[in-house]
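Each of the two complexes below includes chain A, the first together with chain B, the second together with chain C.
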Partner chain A sequence: MMKKMGMSKKRKIGGAFKMVLLLLLACLWLVPILWLLVTAFSAYPGMSRTRFFPEHWTLANFSRLFFHPDSILQYGRWFFNTLIIALFTCIISSIFVLMVSYALSCMRFPGRQGIIRFSMILGMFPGALSMIAIYFIMKSIGLTNSHVGMVIVYSAGSGLGYLIVKGFMDTVPTSLREAAKIEGANELMIFIKVMMPLCKPIIVYSVISTFLGPWSDFMFARLMLNSGLSKDWTVAIGLYNMLDKSLIGQNFSAFCAGGLVISIPIAVLFVIMQKYYVEGVTSGSTKG
Partner chain B sequence: MRKKALALLMTCVLSMTALVGCGGNAGGSNETNASVSSGSGEIQKLDEKAAAGAIDNLVANTKDTVQLTIWASEMDQEFTQTLLDQFKAKYPSVKFDFQLGIQSEAGAKDAVMADPTAAADVYAFADDQLIELINVKGLTEVSTAYTYDVASANSASSIAAATYNGKVYAYPMTGDNGYFMYYNSSIFSAEDMVSLDKMAEVAKQKGVTIGYQKGGWYLHGFFDAEGTGHYAELQSDGSTSCNWNDQVGVDIANAIIQYAKDGVLVMADDSTAAEAFKAGTMGAVVSGTWAAQSYADALGSNYAACIMPKFTAGGKEYQMTAYLGFKLIGVNPNSAYLPWAMLLAEYLTCEESQVARFQARQLGPSNVKAASSSAVLSDVAIAAISAQGAHGTLQRVGGNYWASSESLSDILISGNPDGQDVKKLLDDAVDGITAK
Partner chain C sequence: MAEEKQIQKKSFAETAFARYFTDFAEAIVRGDWAVRSSLIVMGMGFFKRKQIVKGILVTLAQIAYILCFVLFSIPNLVKFSTLGTVEYQDPKINPLTFEVEQFPYDNSFLILIYGIMSLFLLFVFLLFYVHNVKRVYAVMRDAESGKHVNTFKEDLRQMLGRKFYVTLLSLPTLGVILMNILPLLVLIAIAFTNYDKNHMPPGSLFTWIGFENFTNLFGGKLSLTFGYAFRKVLTWTLTWAVLATFTCFIGGILLALLIESEGVKFPKMWRTLFVIAIAVPQFVTLILVRNFFADQGIFNQICQNLGILDLCKSLGLVSKNAGFIPFLTDKNWTKVMIILINIWVGIPYQMLIATGVLMNAPKDQIESARIDGANKWKIFWKITMPYILVVQGPALITDFVRNINNFNVIYLLTQDVYITQDAGLYKSNAKEVDLLVTWLFRLTQEEQNYKMASVIGIIVFVISVTFTLVAYSRLMKGGREEDYQL
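Let's turn to the complex of A and B:
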């Protein structure tokens, strides 16, 4: 009896200790985000290093972003540009990924193994390696400083990211497809009518991941959008330019506000698709 | 309409070249115009005719839309746009398609070098980037003068900054880059500001600090001070020669460390200094004209500026120096409309534009006529940088200068916290700076 009590006491203390540690870590991680959050509402436009919470609170930073654009700060425009690029990339890439995965998972054709191996090797190279080559190719066909060009580049290589989706499709019983085939369905019908409804979680996963890429991309956008025209920029490039050393004093809290705003579409996307997302990530990984 | 514009242009050209051409002429533009009967005036007049004829030809031969991309800094957007609109209005018979892009002068080199053929046709840049921009074929030589003679209209130092191998490659736009001291005139008197030692004494009494910014750009002020015999100079192979690690250098380093250890000299940047000025904890700071507005706001009626002070090292007094910089306008040789690009560059940097730029943006002119106007001279910060011009150096150092001098400045201004051997610190820094 005594021993048992000691045990549970020990366990309680250990548990409490764990909780305190976790709480501490959580605080550490949340402080920068909290700082971003409160600075976005600061009436002082620059970066205050003497106080954490702003002296005066305001919503002016947000209204400045959307309703008072100037020659540099055209946040609404950037937001729209990025949204368009991300949406089209998302649609095209998702279709690519799903089709490639279907072909490699459900169809048997000569060279299938070779393609899988080759794409594995291709995927091992960092994408940044090809950036400069891509830039000159796009320039030669006049697609730099163009949002169409960016959508093309973002979605062109997306088929290579098929592994997780293929893993998910491998778990769908073959008998379903065979049954459909016996009923007279061709591959396209099987893909659309049979596989797609079963693949909902993984579709959600690929939609989110293909949307996030261009939404937060900085490196490639900076390379492609080199005309210096603010109206062409994406949010990432715009935010970067807002923090030029001559502008930081008047832009920092607006920059924080801008940083908050770009997280909204991502957050909305996650909230809507959360249920499927977790399912998709975990089920895709069970079988590779 | 076109004739009228042409006539207007002719008059403009006439008065312009007459103004800058006859350097010793003290009279106003009207009188100068009237005195073209003199011998030199005749030659001048012929040149102007030729120049105006060139513009006339250019206008006549331009059939399609002139497409030019212009890069101006973040802060210069609105002002540049008004100049572009005025330029369009000057040539009403020509169709222009101007795209005004945003590119800081400091970053122009990187943006142009990334792909000169995709860079803007006309762009502003800082003069230290000149040689590299020429090497990547990002700059056209200024070979034709349409409306004014660049070399004689601008200050000698600004032309030196735009010249490479005896050829002028850019149009000087401003002449106010460099650093000097901003100070709170209720804490320091103008006499205090002559000597850093006096400043330190007063600062200690009143419990305030003196801000010094980090990095090799500012550290130059101490190490290359007048009378030290020090230099850090760009060599033809792109490396930097430097002799900071002699006994004088050790004395200077020890002096900086001592100021820092006394709690007088502290590391600051423009935003921390403005806050400290507001809070009354800082009495003076090294900075440049770009921060004038924020310091003027922070200091209110106590806002004052002066040249870099003298300081004592190893028992000797040295006058601190400063790097001087100029903003230049360059024309990209890849431009499809090169003559128009050059004409536009001239317009963006002519005397009228420089005066207007000062009025709109408080940027000090490089044009000698514009710089001597009373409005320009009455500006606190611009007056300080002009005075600093007598104690300044053109910034010509190689790429290896920056990292080593910055880490040296970090250690010295923070008071050598690890107590490292000063001579060794300087040797290491010079090794880094002079590395090939």
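Let's turn to the complex of A and C:
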């Protein structure tokens, strides 16, 4: 009896200790985010050296972002550009990924194994490296500094990212497709009427992740949108450029406000995706 | 045993390769006049079997390709071996007509890209050509043996039925060719040219120079050469990739275990708190953090107020007369900070993934081990950890390769902030904290040194692929996956 009580007491202390540790870690992770949050409402435009929390609070940074654009800061425009690029990329990429996944998961044809192996090797070639060559190619067809070009860059090769969706489709029992086939459905109908409803969770996952890719991309945007014209930029490039050394003194609070605004859609999508994320990633990695 | 298998595999690949040609030869030798004449007019064989529409389409494709070959490929391929000889001249005003005249000139860059495209098209057309003859022969045999020959309508229907995969895969494949294969070929080609800021089309020409760029990169013992910078950057890239991958991987598992462990209440809330940090995109958080740790930034002020600056001074970590801690401006401090900040960025992701993996951990094995009297540590090291490694192994390799190419963290934290003191690196436009990719990026953006950037690109590719292939084959050989599969 005594021993048991000792154990549970020990456990309680252990639990409390763990909670304190977690609390400390969470603080560490959230301090920069908190700084972003409070500075976005700061009346002082530059970066304060001495105060973590602003002295005077204001909403002026947000109204400046959307209603008072200047030659550099055109946040509304950037936001719109980013949204359009991300939406079109999302549509095209999702369709590509679903098409490739269905073909490789549900159909058997000569050369299928070859395609899977070849795409795996090709997929290892990091986008970061081909970027200059991609830039060359886009330049030779006149699509740099163009949003159409950006959508092409983000979505054209997306078919290679089929692994996770295919992994999910592999788990759908073949008997369902067989039954539809016996009833006279062709592959197109099976794809749309049978598979799509069953794959809803993984479609949500892939739609969100293909949307977030361009939404939070910096590298390709930096490479492709180099005209120096503020109206062409995406939010990533705009935010980076508005913190240029000469501008940081007048733009830091506005930067924080802009960073906050661009994060809201991500946060919302993340909450939706969280449960799919764990599911999708693990099923993809075990099935290969 | 394994060797035997390999030999079998190889001979299989060889026979498949040989069959490709013997089938083609058989089609020509045994085919009737229609099959043979489709060597010249590709639709002929289909016309004979009354597949008129298909015949017309194939012939039209052939005509289109020939036109493209004559008008597009030949002019570019002729110049491909020199990449152009006619230099650009400024437009002149014709004294007779007073019109501005632009003399035709060669653009090496366009010749290179169009030349590669032409070669690629030629390759694709040849495949199509051979395939067509075989198809025609197959149709002939079907017709002779009395089998049904499809009408065009039936062919179309098949594209949504048995051959639906062709419909599905064609557009994505085209995209992959445009965005993955073509750039790869262009990158490889540029590595063998002298394309840099002194040879910028359209103003001037560039040409093939063989392996000179490669010897530049690997050779050169002097400290002002690319070789010097390359060795330094490569070392740091690999160090960084190993450290970044393992710290985040282990940290993620530990955090997931901590949140899941008994005695911790509200695990979901804790997880959400950490996820908030990654909901803000990297280009915001990293720029923010870099200002947080700036020399004149808020964290330096805090350190000064708390006496940490003085402590660092007395420990010799900061020079005596410095007014701040050079978090992101001194090479050693910066390297440590980059790793730490990357842990901050990476652990929430890894925690999410590890949580998912741990949920699927073999519970019955753990349970029976507990009944057998194994303690927590033993269970963790003997069951949970091997399980995580098997499931996460492939992802770990992908993460490693991704970290070799982790552009965002390095570029956003150090660009415009970190200035190298090393003259040798400065000369090659590199920094101590550069990864190969950021170096490559800045070489193109700031120096327009495309030839060296391409060489570096190829090398990173080789490194990435080697690591991946070696690690995958090791993992697959282990064959322990089955032990955990349900």
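Here is the rule we use: the second predicted complex is superposed on the first by the 269 of 288 C-alpha atoms of A that agree within 3 Å, B and C clash if a C-alpha of one lies under 4 Å from a C-alpha of the other, contacts with A are read in each partner's own complex, and residues count from 1 in each chain.
The definition used in the following text is that a residue touches a chain if its C-beta (ideal position, glycine included) is under 8 Å from a C-beta of that chain, and two chains touch if they have at least 3 such contacts.
Computed from a predicted model, the values in this text were never measured in an experiment.
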| item | value |
| --- | --- |
| When chain B and chain C are modelled together on chain A, clash or fit | clash |
| Contacts of A:A43 with chain B and chain C, given as first, second, both or neither | neither |
| Contacts of A:T144 with chain B and chain C, given as first, second, both or neither | first |
| First, second, both or neither for A:I72, with chain B first and chain C second | first |
| Dominant toucher of chain A (residue count), chain B or chain C | C |
| Partner chain(s) touched by A:L24 [first = chain B, second = chain C, both, neither] | neither |
| Which of chain B and chain C A:S230 touches, first, second, both or neither | first |
| Superposition clash, chain C against chain B - the stretch among 113-121, 239-247, 419-427 or 473-481 that is involved | 419-427 |
| Shared chain A surface residues [contacts with chain B and with chain C] | 47-50, 135, 223, 226, 244-245, 248 |
| Chain A-touching residues of chain C, taken from the complex the two chains share | 109-110, 113-114, 157, 160-165, 167-169, 171-173, 175-176, 178-184, 186-187, 190, 255, 258-259, 261-265, 270, 273-285, 287-289, 291-292, 294, 296-298, 301, 344, 348, 352-353, 355-357, 359-360, 391-392, 394-395, 401-402, 404-405, 407-408, 411-412, 416, 437, 440-441, 444-445, 450, 453-454, 457, 460-461, 464-465, 468, 485 |
| Interface residues, chain B side, partner chain A - complex | 69, 71, 73-75, 77-78, 81, 99-104, 106, 111, 114-115, 118-120, 270-272, 274-275, 279, 290, 294 |
| Of chain A, residues touching chain C in the complex | 11-12, 14-16, 18-19, 21-22, 25-26, 28-30, 32-33, 35-36, 47-52, 96, 99-100, 102-103, 107, 109, 112, 115, 119, 121-122, 124-126, 128-137, 140, 152-153, 155-160, 186-188, 191, 215-216, 218-219, 223, 226, 236, 239-240, 243-245, 248, 252, 255-256, 259, 262-263, 266-267, 270, 274, 277-279, 281-282, 285-286, 288 |
| Interface residues, chain A side, partner chain B - complex | 46-50, 70-72, 135, 139, 144, 223, 226-230, 241, 244-249 |
